[in-house]
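Before anything else, here's the structure in question.
As written, the chain order gives the labels A, B and C, with residue 1 at the start of each chain.
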Amino acid sequence: MDWEVIFRPESLALYGEGLMTTLWLLVSSLVIGGILAVLFALALTGPWKWLQRIVGAYTFVIRGTPLLIQIYMIYYGLGQLEWIQARWDDVWPWTHFKDPAFCALLAFSLNTAGYTAEMLAGAIRETHAGEIESAQAFGMSRLQVMLRIVLPSAMRRTLPPYSNEVVMMLHSTSLASAVPGMLDVTAAASRIYSDFYLPFEAYLAAAAIYLCATFCLIALFKLAERHFLAHLAPRRH
Amino acid sequence: MSDYYWSILNGALLTVGVSLAALAVSIALGLLGAAAKLSGNQPLVALATVYTTIIRGIPELVLMLLVFYGGSIGINNLLEMSGTGITLDIEPFSAGVLTLGFIYGAYMTETFRGAILSIPRGQFEAAAAFGMGPVQAFLRITLPQMVRYALPGFTNNWLVLIKATALISLIGLQEMTYLAKQASAATRSPFAFFLFTAALFLLYTWVSLRALRWLHARYSLGTQRAEL
Amino acid sequence: MKKLILALAMGALAVTASAQNKELKVAIDPTYEPFTFKTADGKPTGFDVDIASAVCENLKRKCVFVEQVWDSMIPGLQAKKYDVIISSMSITADRQKVVDFTDKYYNTPSKIIIKNDIKFDGVASLKGKKIGVLKGSTQEKYANGELKKVGVTVTPYEAQDQVYLDIKSGRLDGTVADVLEVTGGFLSKPEGKDYVLVGPELFIPKYFGTGAGFAIRKGLPELKKELNDAIKAIRANGTYKKINDKYFKIDVYGG
């Protein structure tokens, strides 16, 4: 096994650039997806049936189709539509669709929003009825009940499955290598493989990077759980 | 143009084949892994823990590339050293099935382990009191009860597995996603082909959900559910 | 249970004993019209495919076509997934370090292709434009070597027809490609009507090598001789000319 090639400065720089892209994609899509997820979860548990149906259809499609197809749809599929082609040179929001990074980010954000929305909606539905009733007894409006009582406790309850979702998202960023022009860790490994014909070394190095990142994320979430779910922890003294 | 659609439908058959084969491998590995983790035998527990931790820490795509490209070269090097004239070619189907089976075996291990732990201890003790051997006890007592507890997690893993088969297109298996990509590039109309493929995946998901729901209902016969 | 898994594993691994005297596994990248592409029902076709079939007939062996993504062509060859690459692979010094080539079977130049509303005045006039190239190709080497330094954005793509997809949608301003390939695969189609070949014919050996040949693993002199003899044979008996004329109006063998 020829590890010398992997540890050359150019190769390490390539992996480094890939890691930066991966982390940027991960954090950005989680933030955007997270905000969208809260909105979608509110729609799913809200009083308007038609909105529930629309958002429900959205999460059904997102959770029922592979992320790879979603990426291809957004990058190639939307790019084919003449309506978008006519606008993406000058009209502001559509100019972004030309950019592969934007398309990848959009695909990942919509994907994580779909999954997280369902998780959050489930947690909202499981809020203890007594909490909601006492909030209403205090005269809080629907919005106040949501913001002060339901959402904070629902978000805490979503934390353990959400940690799973974040790790899945980290692994899903490896699909960014399917978008032309995106250089993430997997794409960097593929480049080294095709340049130097060393599949083991190149992909093992990528696997090691992802493994470290996964452990860091899990450790971060353990800390978060200890803080936010402290009330559920077993007695420590 | 319609020939492309027919070829994508053929690719759909391949998708079903790969996913079912990978499911078989993952169930086998899941049962083995769960047994190992619950055995109390320290080295076995450690081995199973390493397996589930590492597999769930690497992206499926990277593992697939490793098995497909790295695995072939590794095995062929070993075979060369052994002096026989055989070259073993891990083609995309096998690489995909093995990788997906391996990965989802790790997730199934956790699902089955949780399910087995949910069975009341009394059942195992009663089985032993009746003089049942371990295999008999497993087949008659553990397995039927485990199915009910394992089904939610199993369903989840299955649905994720179906979607993961799309990744095998990236190592060259000519299933739906691969053929859709080629067709869309050759005819310059990606929208139609990817929409078609997405619809096929949704159909597959929907059919699976109904089948698993039926299975859950069948295995829940005789259990009580409180009225909320 | 263990036996079941073993049986499954053994059954799943396709043991292909390399039957040297029956099949010849040929790797192709079928996204390179008119050299290598697929008809709608999935049959490989094109100049490369026909030449390969003619060579196989001459060698009395059965051609089995294996599809492969372009930038994994040589690694796949080394992993023994196939025996020979017949997919318009140019003979370059870099590639000859890792694989052996037969004599060339055609030699055509590459050129830059851009939209006809861009005034081309030498490579420097392309500053700021976006060019797409095939990952792992000689055209990519050229673009990275000559175009990047004058400020052109070079994006590598997995397959040449995906480059055309993005040119059509407007994400790219052009590409660097083999003249005959881009004519047959893009310029002659409706989406290519606003695009033109510009600049000189690019024959620079440093980047483009000395024509396209069949690539085989190193250390197989008998196979190399067989394939070379087959190429000479089909050129001598008129098969080559027939295939040439089926796809092209000019003689692609080159000087």
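The rule is simple: a residue touches a chain if its C-beta (ideal position, glycine included) is under 8 Å from a C-beta of that chain, and two chains touch if they have at least 3 such contacts.
Note that the coordinates shown come from a computational prediction; the quantities given were computed from them, not determined experimentally.
Engineer: With contacts counted as C-beta pairs, which pair of chains has the highest total?
Structural biologist: A-B
Engineer: Let me check something: if the centre of a chain is the mean of its CA atoms, which chain is farthest from chain A?
Structural biologist: C
Engineer: If you average the CA atoms of chain A and of chain C, how many Å lie between those two points?
Structural biologist: 38
Engineer: Suppose each chain is reduced to the average of its Cα coordinates; what separation in Å results between chain A and chain B?
Structural biologist: 23
Engineer: Could you list which residues of chain B touch at least two other chains?
Structural biologist: Counting only residues that touch two or more other chains, chain B contributes 69, 73, 184, 188, 190.
Engineer: Show the residues in chain A shared as contacts by 2 or more other chains, in ascending order.
Structural biologist: 76, 79-80, 190, 193, 199
Engineer: Pull out every residue in chain C that's touching 2 or more other chains.
Structural biologist: Those would be 72, 75, 78-79, 162, 165, 168.
Engineer: If we count contacts the way the header does, which residues on chain B are in touch with chain C in the complex?
Structural biologist: Of all residues in chain B, those touching chain C are 1, 3-4, 6-7, 21, 24-25, 28-29, 31-32, 69, 72-73, 76, 85-91, 93-94, 97-98, 172, 174, 179, 182-186, 188, 190.
Engineer: So in the complex, the part of chain B that touches chain A is made up of which residues?
Structural biologist: Residue list for chain B touching chain A: 54, 56-63, 65-66, 69-70, 73-74, 159, 163-167, 169-170, 177, 180-181, 184, 188-191, 194-195, 197-198, 201-202, 205-206.
Engineer: In their complex, what parts of chain C are in touch with chain B?
Structural biologist: 1, 4-5, 8-9, 12-18, 30-31, 33, 37-42, 67-69, 72, 75-76, 78-81, 159, 161-162, 164-165, 168, 191
Engineer: In the complex, go through chain C and note every residue touching chain A.
Structural biologist: 71-72, 74-75, 78-79, 98, 132, 135-136, 155-158, 162, 165-166, 168-171
Engineer: Show which residues of chain A lie in contact with chain C when the two form their complex.
Structural biologist: Chain A reaches chain C through residues 76, 79-80, 85, 88-89, 98, 100, 180-181, 190, 193-194, 197, 199.
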